[in-house]
Every structure is written in structure tokens, then in C-alpha cells.
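Two complexes, one shared chain (chain A), two partners (chain B, chain C).
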Partner chain A sequence: MSLILRRPGRLFNSIAVRWSNNDGRKGAGEKKTPLEGDEVLVPVEPYRSDVFENTPEDMPQFDQKLISQLERLSLVRFDSEQAVANLRQTVRIANRLKEIDVEGVEPMHSVWEEQECPVFEDIAEKPLPVEEVLRNAKVRYEEYFVTPPGNVPLESNAPLDLEKINQWDTRGQNIAPQHKKTKRTKQ
Partner chain B sequence: MQRIEAAIEKAVRYRANGILITETFDLARKQAEAALQNGQTPFPVVIKDCFALKDYPTTCSSMMLESFVPPYTSKVVEKLISRGACIIGKANHDEYSMGTSSVLGHFGPVKSALEDASKYDWLVPGGSSGGSAVAVQAGLADMALASDTGGSTRNPAAFNGVFGFKPTYGTLSRYGLANSLDSPSIIARSAEECWKYFEYMTGKEVDDSTSTDSTKYLGKSSIKGLVVGVPREYHNEKLSEDGWQVWNSSLNNLKKNGALIKGVTLPFTKYSSACYHVITTVDVASNMARYDGIAYGYRPSEESSTYAMYAESRSTALNTVVRKRIIAGNFLLLRRYRKEFYERALKVRRLIKNELDKALGEVDVLVTPTASGTAPMYSQLRQSSYSREDEDDYFTQAANLAGIPAISVPFVRDYSLPIGIQVMAARKCDKLACDQTAHMNTITGLYVSS
Partner chain C sequence: MLQTRILRRISAMTASTSSATPSTSEGHKDRSRYRPVIGLEVHVQLNTRTKLFSRTPAGLEAGPNRLVSPFDMALPGTMPALNKQAVMHALKMAKLLKCTVPEKSRFDRKHYFYADMPAGYQITQTDMPIARDGSFAFHVFDEHVEPYWKEVPIIQLQLEQDSGKTIHHGKKCCALVEIVTTPCLRTALEATCFVQHLRLILMHYQICLGELHRGHLRVDANVSLSYDGKPGTRIEVKNINSVRCLHTAINYEIERQFSLLSRGEKIVKETRAADPEGRTVSMREKEDDTDYRFIPEPNLPLLKIQPEWREMNDRWVETQPPPRFQKFRDEFGFNPRSALHLAEDETLSSFIERCAEHFVPLENLTANDILVWMKELKTTMQRSKDVYPPASNRFAEQFVRAIDLYKKNRITRLRMLDLLRNLSADQESRTVDQILDAEDLWKIENADEIVSDLLKSQEKISEKARQGHAKSFGRLRNLAVEGSRKRIDVDQIEASLKRLLGLKT
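And then the complex of A and B:
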């Protein structure tokens, strides 16, 4: 048995990790060898878990109409071509599920499907004081929340390069997000 | 009281690791006094910042809720406090718990305390409950409240060498927790402690429609005769040599102590990531619709129209990952895709659940790795465009889709970073999962940092 009670050597380890430039996954994809004295209880050859990923023939083309529709539904603006092109990846991932025969299978919406959904009796409860309910609203008038004028459709304001979006797989360059500066809440 | 002061001291010492978003030292001291007066032993805890705590900021690690102060406390936190818990602080995590690295939140990254962190590069603590796991590992708390939608408790537990327990969905109330597919979960230093804290908090609650009774399952008193299932799909092409060896070795130990090891096959495992991806993005689109900056949350100066204000609030105050999921969820819900993708994913979810149920009818527990390897450095993670996150989710998501309990046990080999081994059991067999994990703990050489 070779699992040893030991404190991880911090310095040694950090040097080893950085110098070898591995990502903590040495030997991935290769045939495995058990530790000395152990018998093989897990298959030594890796299982192929990758799913055939095809770009569907009807991959959506993004036009201004679809972009505006998604912004209105999400109430979030696309900030770059990459943000729209990400949806191509979503379609590709979702498309993996088409390999599976789901004929006659019922959708599973929740873990406890058989459990009756409880409802409250229609009895008035002692609510929170109004001041507590409203205290997180930045703008209010007497005991009301305040909103700007309604019924104005959201206008799309960022002109994006549609050609770049639709050719992202060949022309796009993904930029990985960066971390922010460390801080705490003010109290 | 000394224990609480020692925890506070640790919290101050580890400030550079970004573990806490809000420090609540005075509250902890007050709670300690109250506990002593009630004849209880005060114990330090940290709470992931997606659980509401009355009169203290609850930010979900987002700019959206930077100044949000809830007028109520979440159910599980309330129950912990009633047993003597003293809250040292609210723990940092991935924004709205979306992520597996605790890197991109509004309050900066969480950095693992297993190694010296620098400003530019650090050992990733995993996520999304990275702050909770580092808090327990570094001694800021005996227990940390975490949450787990796709592995968010087990993954950081594995990376930091602590125990991470995601109980059966519904056995801990979600009242006061931000997301609907999320399970309140526990990070502690032993399986016995995980079970102890679970018992403090479990019970059916009227305020959460998915809340359910936890049955008093007695578990098994020893490993002798325990049937352990080994799904071959969990040795995939991403699993490291170390990860495989520790997994295989832990099974050898179980066998030497009288367990029966049985190979099982779970062919739908490889689709669990895609299935999870579709279901959670849709869930996110719906869950996040409430954040508009009116009743609470970030309110921008844009006042030209309601929609313009909503869009400005959300586009400014939610990070790239969250915005991406909201848009993807709305996209998959378009009339043309809803049936084709979302409904299909819900059907695949049933297939995954049925497959796990069947396997757990034939074996007592399933034992697998928790992640593909040890924790990466931030530089490596970013270089891979965060793809490592999805590759680690492969090992943990299926348990969430099926709602079964799963717990990660930490192993440390000579001079290496911790590796997590996952034990899964049938729904409501939480006690069995914890007991067997505790047995594994006693029969294998195992180091838990403190």
C-alpha cells in the first residue's frame, strides 16, 4: 500500500508543478500501471468518452433580427462578435444528444416527480415591514418601486460584424476572460 | 471561544487568498457567546455567499448584488446557528456559482492555500465553492456551507484535500439559496463530520417546494460484504496516472477489507455533460430573469426606458460567464430549438438517472475519481480557455442529474497535491455514502490538512 500519511511538500510541489508545466494530469490518455502491490481493479485502458461532434447542417446564421431578438429575450447585450459566436458552440454541444434514441422516453423535469407540490393555505401571514422590503431598492417613491417609462422596445445598439460571427470557426479568435482584483464588501 | 478567535486569526492571515467576501467577526463573537449561554459548543463556519444571511451582504460574488442586504436568513444557515455555529464570513465563489475554478468572480479569485500564491499565478482551488473549501483546509472553519449544481462542492474539496458532501437533492432546504438546481452541501474534515452537520440541517421545509424527508437509513457497519461498483467510463482519456492509481488503490483497500468489487458500465455517462449543459443554461435563463435592478441589485444611470435600464443593469453587473449562459438559455428556448434540444436533454436526463438507479440496485455504492487530476495553476487554466472546467465536470454532473448523494474523499500521496475519490449511493442513502467514506478513511493512509 503506497498511500502515505504525509503533508504535501509545498515548496517542492510548487516547483515541480511549474517546472513540468503539466496541468495536474500527467499520463492522461495512456495505459495505466497500478501502484506496487495493487492488483488491477479498474480497466487500464482509457475509455473513449468523446462524443462525435458534428456541425449541424442547419447551423443558424446570425442576422441582425436574431441578434436583436435574443437581446430582447435575455435583456443582455452582446458585447462582442465572440459573444454571439459562442452560440454556435452551444448548438454543437446540444447536438451531441442527437446520437441518443429517446423514443418513448418521458422528459425528467425534477428529481422528486412523484412528490406532490405543496401549496400554502390562503392565510395572510405577518409580512416584513415595508421599510425592510424596500431597503434594497436604489430608487423609490413613498412605498413604491420606481421604473423608467415602459413599453419601449429594446433597441440594439452595438453594430456587430455579422460576417465575422458567421465565419467564427475559421476567422474568430476566442479570448479567455481575465480575473478581477481582490476586494471585499464595504460594511 | 478560543476556537472562534483562532479561526478569526486565520481569516486575517489568509486575506490575500480571497477566501471571504464579507468578514463577520463580530457576528461570530456574538454567536459564540449566545451558544455558550445555551450550553452549546461554539464552532466556526463559513457560508458560501449565495446563501442569504439577514442584515449582511449576500453578493453571489457578483457586482449585481454588491450592496444587497437580505431581510431574511436561509433555512440551512438558521439551523446551523441554532446548533452553535459562529459565522466567520461569507465565502467567495464563482459568480452565481457558475464555474469550476473560483477565478472570475467580481471580488477577485480564490487562491488555494496549499501553495504560496502570487499576484500573477496561483494554484486553482476548484469551484464553484472554492472559498468554502479553502476556508476548511486553511482552518478558518470546522465546516463550510457550500452548494453543488454540477460538482461545485466535490471538485474544490478534491483540489484542497478536504471532504465534500452533496446530499440527496431536496434533503437540505434551498430556501434562501440562489439557484434552483443547486443542492446545499457540506465541506468538512471528515466523513463523520459531514454526516453530523447534515443531521443539523436536514428536514422537510415548507418554504422549498422540492424539499423532501431524509429517511433514517442505517447504512452498513463495516466494509465486509459491501458491493462496490466501478464504472469503467470514469477512466476516460482525461484521467491522470495519479488519479487512476489512487482510485485503483482505494479499491484494493476496500477489497482487502472484505468488499466485493464489481465492474459496471454506465454508457450514458459521456452524454451527461451535454445534457447538463442544456438543462442548466435553460434554468439559468429563467432563474436570472429576476435581476433587473428595480427592487434590488445594480441600478445604472440609464433611465430612457424600462428595458434599456434592465439591459444596462444586467450587461454591466453580470460577468461574461453568467451573461453567456443567460443568452444560451434563451437561445435554446426559442420555439425552433426548444423541443429539439431542451426536451431531448430532459429525456436524456431520465436515461442517465435510470442507468444510475439500475447500477445502484446491483451494488451498494459506486466509487470513481472526483476530478481528472490534481488542481491546475491559473496560468494553465486560462491558457486552455477554461476547458479543464468542463473536463472535470464529467466526473460529477451525473450525480446531480439523478439527484443521488455523492461525497469526495481526499487522498494525498507522497509529495503530491490532493486527489479526490468519489463515493455515490442511491437517493436517500446518504448515511451509507458517509459511512462507507468514513470506513475508507480509516483503512487507507489519508492525509487531511489542517
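And then the complex of A and C:
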């Protein structure tokens, strides 16, 4: 999935508003009051885009194959059905980005597009001393790091209950009705 | 590793959507209906002093973890600092491979797990590479194949980190350019010739040190078999570490795929590794499962190629003398195969260059004469246990002079061989002409005088030879060669003997 941002125009060029924050209790979504004499460059009221309102109700379907693939790529196992359900919810929200009309808009790669990639002369500098390099190594062998073995396929042990995962997809109920457990261990 | 996106771009030509499963029941056993389709990815290790994104020395021999900077360890907060020399090398390659260089190029992160790669991703280029749409042309040949000209379109050149060598290995490491060709090669031979010529060119322009066994050039091959023009399933072969291995691995893979298809089986899309003998073995990694999760590298802005960088590198490439194999082929007139063979050997090519000074202006001498006599010289010197080829300029000059005299029929073949022995023994300080003058060894055209004298002095043997005794004839011939001090050709002596003895010619 690739994330495409729109040029934000003047919004990010200068953020010159200091908020009066006397009580420190002003939170997101609340109306904020600028200090006297300050130029206001951002909307005073939160702006709600209607883009995200027209979302289709398509909840992405997760099957066992996808779950195993995600686990293998991330080298992390899902804790529980709830963890997968949360991810589905996240994907659904992220899918809304597809609704944005980006026709004819150049993708943005960085917020400072005029910046050029600096290049450096090919002149060697002193490398780190080997004691420094290995200072934080948990396990070492002579002057080597010892890393976990690479690309070991994860066995799919005790697959998660797909039915359970796929039933928690109603909007507004993105937390599975289940106690948070500690890490799932092999029985 | 070929990125998925490029794959998609070229999939129309190679790969995978419709597998080459033959429809007729027996047609799939017909070898002539299959056609190998081969594309290469050549990883060129650039000749830079430091790594691609840090100023840690590269190219030195050092112990494990000795050439490491905080960036190489992927410590949080460190930023990549692009090596200008690597960009310059890439621009030279772009010029040599006739690529177009876009105004801007972008770096991307390619994520995968590798124990030697602490960041968990490799910085490479995918959609916006430094150069694209080039071509490379070369001769294809071997012992049994007449040289023919082949042009290979290049998809792109991409600058990337050598992910396998970020830490640990203190050896030459880090800045790479990956050359991606279109899948237009048809045989293993075309692939090996491509790599051989490319290697010499990159070495000539000092872009790469070119030692294959040290990993300066690493090749992955994408091999598939098309059936009646329908693309087959593509197999990527990695871990190829020599030209010979490239040749056998491709042929092994073609044969393996053919035997599977001819039995009516399907090819599973996968990555295979070549073992030291060139067999390919499955790496147990199904390609559908790998997902590199490319993202634009957020720590590097777009790389803008300054017009003066391009002008400077283009001019530099243009002002260099051509690579040796090209010079040997086009200026000296060697055939493409010998030109490549000679250029691959430093001592041989400098010998040729020394000789060329003297033989190129001579019209009656061809490169082939030089080759023929180099072979004789090699045998001679090996017999006397001297180092071939001789290193002195003087020898080269006299060598060419001797060949010239031989071609002009001024000396005999046997005298020529003797001369080679004398000259290469380096005790000799005289020139060829001085030797020949001093000892009066110039060729004699008329053999009859010497032969008739010989027949008179060797009556017994002559009589035997006259009656058809082959051994006696041979003995007479040898005596005549010796008697003439090798000034007469053996053929001429034999002809003269036969005539004077009254034998049938």
C-alpha cells in the first residue's frame, strides 16, 4: 500500500500560532484562542473533511494465509484474535485513503521538495573502534555479533479462530469483547 | 534481486501469468517448440574508497566489525550520506551503456530480514533509478560458434547498498550499481559473453575492479522457457560466482525446466541458488510470500543530477582510449574471440601492445600471423622453462621483425623456430638481421646443389632411398636440412630429393 499525500499548501509553511495554554487543559477538537496580536494561520475551528464520511462498508477479509504471511514478514506473532481484529480495523480506516481523488497530482516524497540530496566526497573517515561497535551486543562470538538465525519459517501453531476475528467488524465496536491476555504460549 | 515493480514492467516479455503449459498431448515433448528466455541482473561493486552512505573505508582487508560507522550499525538518529564518487561512477556507466539519465532519481527502502543487515532494509532504487533505457552490444562466440553481434537493451541502472556487507566483513564493500537487462538473451553463451565484455569495459574505465572470485561482479539470471512464443514461468538463479558457473547454471536450469515441462509438469515460480558445480537448487522460498514493502527513503531527498556532473563524466569517458579488447579487435584486426582472450590477461595484452607498435604499420602482417607465432613462442618458451610472454620491448620488436622476414620468405620455418629460441633466451643482444647476416642464415631458394652433393657423399643411403626405403629417405632429408643449416625449406628439400632420386612426386 502506498501512501500519497497532497501538497498542504501554506499550511505547513509557517506555524506561527502560540496557543494560550494557561490551564494546560485544552485538548484536541476544542476551540483554541490565539494570543492577542498574533496572526492566525490555521483554522480556529477543527476542520472535518467529508472524504472519510463516504466510506464503503467493506471490511477487509483476513484469512489464515494472510495472517501467517504478516507474522512471517514482521517476525511477530499475533497475540490473539483481538490483535488481528484491531489490525483489520486499522486497514479499513487506511483503505479510506483510496477514496481521495489524486488524479493528476504528483506524489509527494518529502515535505521539503526543493531540497537536494547532499553528496559527500569519497574521503574515508575513521571507523568506530571495535569495542564501541560491540558495546551493546547481547551475545558475541570473538569479534562478531551473534544474531538470531535468518529466514526461519514460522510454524503456524494453533491457528487463530477466523470466525471470531471476522465477526468483530461492526463499526464502533472495534475492541473485541475479550480480556487482554498475556503472551500466547505454546501449549 | 529484481524488484517486483520492474518485474511487472517486463512481465509481458517473460513471466508468469500464463504458464507455458502445452495444450496438445504430445507437443510438449517437442524440444524445438521451446525457446529459452534469459535476463540478467549484474551487481557491480563500485571502485570507491568509502561505502555508499557512510564514509567508512571500503576496500581494505580488515577483521570483522572493524570497518563500521554508526550509520552502518543502523543506530537510531544516523543519516545516510551519499557518496559522490559512486554517483559519478554510475553516470559513467550510464554513458557507456547508452542510458538516459533522468533529472531526478529517488532512493527506496527494500525491507527484508538478513542477519548482516542491522537496519532491516536495504537502500536501493526502484521506480526512479539513476539511469534507464540503455543498450549494450557485444560479440557472441566460442570455439564452435562464429562470432555474431548482439545488442541487449538495458532496463535500468540502480544505485544500492551492498546489503550483505554492511557490517561484519571488512573486505571491499558497499556501493553497488545493479544493471538490469531485458530478457532478450537466448543462450547461456550470450549471457557469458555479455558478462565477459561488460567486465572488461568496467575495469577499463576503473568503475569496478572486476575480480569475479572476490565478488566484485555478481550475476543473477532469470531463466524461463517460452512455448510457441507463450511466456513461461520465470525462475531466478542466484549465487552465481563465475563465468563458467553462469554458463552451466543457465544450461542446467533450461534443461531442468524442459524435462519438467516435457513430462507435463508445471514450473513453480521460485528463487534457486547455483551450487559450486552450477546445478541449481531450490532456496525453499516461494516468491509469492516475499514482500519487500518498498517505501521511498525518507532520509534522502530526491537526487538531482547536476548537468555539469553529466558533462564532466561524458567528457571523461569520451577522452579515454578504448578498452583493450576493442582496440585489439578494431585497430589491430584480431578476431573477436582472440581479442577478448588476450585482453583478459594483463601480461598477454601488454605483450600485444608492445608488438602492435611494430606490426600495425606493416601491411603484409595480419593479427593472425602474430597469433600463430605466439603459440609457437609459447611452446618454445615452456620447453626451455622461460616466462612467457617475454616482457622486453626489444623482444617484441625482434619478434615482429622475424615474423615479417618469414612472411617475406627470407627465412625458413625451422630457422624461425631457432630464432625464437635464441631471442627469448635473452642472452642475445643482436637484432634478428644482425644474427642472420653474421651467421649467413638467409633462406636459399635452390636446394638442388646441396642435395646433389649430399647424394654423392651418401651413396649407400641414396641407393636404399632410390629403391623406396622410407627411413633412408627421411635420413637424407634430415641430413640435407642440417647441411643447409636450416636455410632451405623442408618441402623444397623433399621435392628436390625426389627429383634427383628419380622417385615419383
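We take it that the second predicted complex is superposed on the first by the 102 of 187 C-alpha atoms of A that agree within 3 Å, B and C clash if a C-alpha of one lies under 4 Å from a C-alpha of the other, contacts with A are read in each partner's own complex, and residues count from 1 in each chain.
We adopt the following convention: a residue touches a chain if its C-beta (ideal position, glycine included) is under 8 Å from a C-beta of that chain, and two chains touch if they have at least 3 such contacts.
Keep in mind the model is a prediction, meaning the values are calculated, not measured.
Put simply, more of the residues of chain A are touched by B, taking chain B and chain C as the two choices.
In the superposition on chain A, contact of A:Glu39 is made with chain B only, not with chain C. In the superposition on chain A, A:Glu125 contacts chain C only, with no contact to chain B. Shared-chain residue A:Gln115: touches chain B and chain C both.
When the two structures are aligned on the shared chain, A:Asp79 is found in touch with chain B, with no touch to chain C.
Applying the stated contact rule after C-alpha superposition, one finds that A:Lys138 touches chain B and leaves chain C untouched. Comparing the two complexes, residues 2, 69, 72-73, 75, 109-110, 112, 115, 117-118, 120, 128, 133, 145, 147-151 of chain A contact chain B in one case and chain C in the other. Listing the residues of chain A that touch chain C in their complex gives 2, 69, 72-73, 75, 109-110, 112-113, 115-125, 127-128, 130, 133-134, 142-145, 147-151. Taken in their complex, chain A has these residues touching chain B: 1-14, 16-18, 21, 23-30, 32-35, 38-43, 45-51, 69-79, 83, 86-87, 90-91, 93-100, 102, 105-112, 115, 117-118, 120, 128, 132-133, 135-139, 145-155, 174, 176-185, 187.
For chain C in complex with chain A, the touching residues are 48-50, 55-57, 63-70, 73, 81-87, 106-107, 113-116, 167-168, 285, 289, 291, 293, 295-296, 298, 300-304.
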